[in-house]
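Questions regarding the structure given below will be posed in turn.
The chains carry the letters A, B, C and D, assigned in the order they are written, with residues numbered from 1 in each.
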Amino acid sequence: MTEQRLSTWETRTEWPMAVLAAAFLVAYAWQVLHLSAPAWLHLALEIALWVIWLVFAADYVIRLMLAERKLRFVWRHLFDLLAVALPMVRQLRALRVVTVLRVLNRKASTAFRGRVAIYVGIVTLLVSFAAAIAVLDAERGNPDAGIDSFGKALWWTLTTISTVGYGDVYPTTWEGRLVAASLMIGGIALLGVITGMIASWFLERIQQTEDTVNKTVRATVHQETDELHVELVTLREEVSRLREQLANQKPS
Amino acid sequence: MTEQRLSTWETRTEWPMAVLAAAFLVAYAWQVLHLSAPAWLHLALEIALWVIWLVFAADYVIRLMLAERKLRFVWRHLFDLLAVALPMVRQLRALRVVTVLRVLNRKASTAFRGRVAIYVGIVTLLVSFAAAIAVLDAERGNPDAGIDSFGKALWWTLTTISTVGYGDVYPTTWEGRLVAASLMIGGIALLGVITGMIASWFLERIQQTEDTVNKTVRATVHQETDELHVELVTLREEVSRLREQLANQKPS
Amino acid sequence: MTEQRLSTWETRTEWPMAVLAAAFLVAYAWQVLHLSAPAWLHLALEIALWVIWLVFAADYVIRLMLAERKLRFVWRHLFDLLAVALPMVRQLRALRVVTVLRVLNRKASTAFRGRVAIYVGIVTLLVSFAAAIAVLDAERGNPDAGIDSFGKALWWTLTTISTVGYGDVYPTTWEGRLVAASLMIGGIALLGVITGMIASWFLERIQQTEDTVNKTVRATVHQETDELHVELVTLREEVSRLREQLANQKPS
Amino acid sequence: MTEQRLSTWETRTEWPMAVLAAAFLVAYAWQVLHLSAPAWLHLALEIALWVIWLVFAADYVIRLMLAERKLRFVWRHLFDLLAVALPMVRQLRALRVVTVLRVLNRKASTAFRGRVAIYVGIVTLLVSFAAAIAVLDAERGNPDAGIDSFGKALWWTLTTISTVGYGDVYPTTWEGRLVAASLMIGGIALLGVITGMIASWFLERIQQTEDTVNKTVRATVHQETDELHVELVTLREEVSRLREQLANQKPS
């Protein structure tokens, strides 16, 4: 029993879910950045956010029901549970970027092979944008906050992911610090993922070398001794014919 | 003489010691975080801390006595001596986390193989928690200190281990700076341990490839020439029979 | 069709363009650092900068015209388009350093092999100098800026590329922050390039080992079995001669 | 002509020079840390520092004279020239640590093999101590400086080498910033050296695997075919004896 039904569902919903997650991020960013939006637009975006969130929650419940071993599913998809539960807190909505990243990540291991730079670039851009939006949303309410515009939020994101951390802007609210924590932990995790990717390529390459050399050894030795076999067989036939010749001579 | 008695003792006391170290950390954290604890509870925790510390001191003395070469033991277990001597200073009690990490580390090299991420995650979480508790304990007494709550202590730990270091919170007392120093040096050491782990995996993998290829070469060449041997033996028998045949013809 | 004309042009203009880019940087640095320059010198440098920029723009247009597949050229040389378009903004002129780096980079993969340290050192020096000039140019106009001399600009560059980021000096204008962003992103990219270089060396080395071992296997097995062939041929001749001898005996 | 005389001299003076450099550092540290030293002690230390410096200058001149190709020597030992010329500036005296490190480095490539951690630890400790002394010496004169005690100098060194850089203490004088620059550049260089060390170990290991497998292939194939040779020779002898037997039968 290898969770057939679950993986079928996940394969089918993978892309729609990534698109929905992207739509969620766009709606959230719109809401945060377009402060002067009329009330109806703000409301429409809020409703859209909640509807998309409901779809994600439903997806999680369906996957949990499809799973044969419920407990193991919850344990192995702890991150998904967080991604569903946390965006209910306003400032953590940007965590939805994780869903986009997961799809990207699955594609990356096959499609981006050897193009780590592109993969890392896209992930960094996506995460930075999400973090900047989220930290702006979190900090804007605080009159003492240094991060009061999208530009400053981007600048903060940059000084943080480069680990320079001048300290001219930094989150002052607990929601902002939670965003910063996600960004920092995400950055460390990304480094881990890249290291793992490169390491697994090396191990694969070594495995491939092992296989190629083994194959060469087998093929070369086999082919060369095959020729020796042929010659030995010919020789035996010669000796056999010699014996026949001798036997025929007997009567003489 | 390979320190048989010592290693037997260490293997047996490994888990109890790790559990005791964890209990020590919990008691210490309780004392630090539960400020409004009644006097009797505070005293009970203090007594528990000292009792556990005595057990650790006794363990060190027993191991020293079991060791055949005392000086070599002290030199090779300098870190253990520190871990016993330092927690007498209140703010360095959190260093006891090292004992838990040592057991984890020994398990890690076998159990977490290929799951560096999990290992690093657990170690980072443990060390961060211990550092946050310790720095809070150290800094709280100083009225000028920025770190005056567990939340701020955690935030400081995060900005420190990510090396971002905004400078909005930082230790101001010498005890707090000692905690920070341990955390920074520990972080650099962790990076070293991870690099070493990955490197040793590569070297092992290359060794394994070398062994596999060598084995393949030996097996393949041996098997193929064995068949040639068999054929040569058959040929020799043919020739022998030919000689016999020829010898039998003689009288004719 | 492999963009023959384009690559011929690029190979021929590679060095002149790098020299021009270096001249551009020198003229720009001169303008920034020599504040008390007479008006005519300032104007002359400005004209030189614009003339060199025109040459670069012309080079881009010519390459675009030479390219068989225009769209693919624009997409693949997005960076070149930026390097032509951006230096029109005064403070981003230092980005021209990228042109020098590109030539250096192409040479690096062959000439600096095994001397990564030298390559990284030269790149870091060039980029640091360009960043210091650019940030000084951007910040000097702002009365609140901490970066008001070339020395402070260099000190800022150093604290930034080492990611220490004390926060005693940092850019306060948007142009300065754009320079900082370029420096940080460039630093991360440089780390990526170095990692890629080292990784590709390893993969090449493994490939080389695979080839050498395969060759050894083939050569050794071939040579040794060749000797066996020779002996078998000799044996067959012996047996043939035996048959002849036997045939000659027939009449007896 | 392989600079025989030069390398003989360098091998012989290696250890004395390292000891002298260590003595220089100790005398310098003493002078800096023991502020209340009587005038005669301060003078004695100053004289000792100048005498040792003269020995180093003399050593450089002697090596330059021993070198066959003077210009190449100066170019290749640019670092040594700096190490002789710079300590004339008071605050750069700590750079003398480089001489100790060079000897350590040469030993490291053979003795510390596989113990990178120990090597890195010793280098980091030495460099940190030297940097703390130097920055204290540089900053103490400035009334606005944050670094006014050896403890604070050590704390600054730690926040700098870990790249955390809170910004609570940082150098404010140009001499102090030069020390910081040396420390940062030294740190980046150390990372490079470690990476290079690990990389060269891998390449060596792969080379060793290549050699071992090649040897196994040659030995195995040679040995096995040798046995076949022996059998073939025996067979030929059989056939030869058969021919003799047949020849002897002729007269019958």
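One rule holds for everything that comes next: a residue touches a chain if its C-beta (ideal position, glycine included) is under 8 Å from a C-beta of that chain, and two chains touch if they have at least 3 such contacts.
Just so we're clear, the structure is a prediction, and the values are computed from it rather than from any experiment.
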If we look at chain A and chain C, which chains touch each of them? B, D
Could you work out the angle of the rotation that brings the CA atoms of chain B onto the matching CA atoms of chain D, rounded to the nearest 5 degrees? 90
Which pair in B-C, A-C or A-D has the same interface as C-D, with over half of the contact pairs matching by residue number? A-C
Greatest centre-to-centre gap (Cα means) from chain B is with chain C
Can you work out the whole-Å distance between the CA centroids of chain A and chain B? 28
When the C-alpha atoms of chain B and chain C are each averaged to a single point, how far apart are the two points in Å? 40
Multi-partner residues in chain B (2 or more other chains touched) are 159, 163-167, 202, 206, 209, 213, 217, 221, 225, 228, 232, 235, 239, 242, 246, 249
Where on chain D is chain C touching in the complex? 159-160, 163-167, 170, 172, 174, 177, 180-181, 184, 187-189, 192, 195-196, 199, 202-203, 206-207, 209-210, 213-214, 217-218, 221-222, 225, 228-229, 232-233, 235-236, 239-240, 242-243, 246-247, 249-250
For the complex, which residues does chain C have touching chain D? 116-117, 120, 151, 155, 158-159, 162-168, 198, 201-202, 205-206, 209, 212-213, 216-217, 220-221, 224-225, 227-228, 231-232, 234-235, 238-239, 241-242, 245-246, 249, 252
Please output the residues of chain C touching chain B within their complex, sorted ascending. 163-167, 213, 217, 221
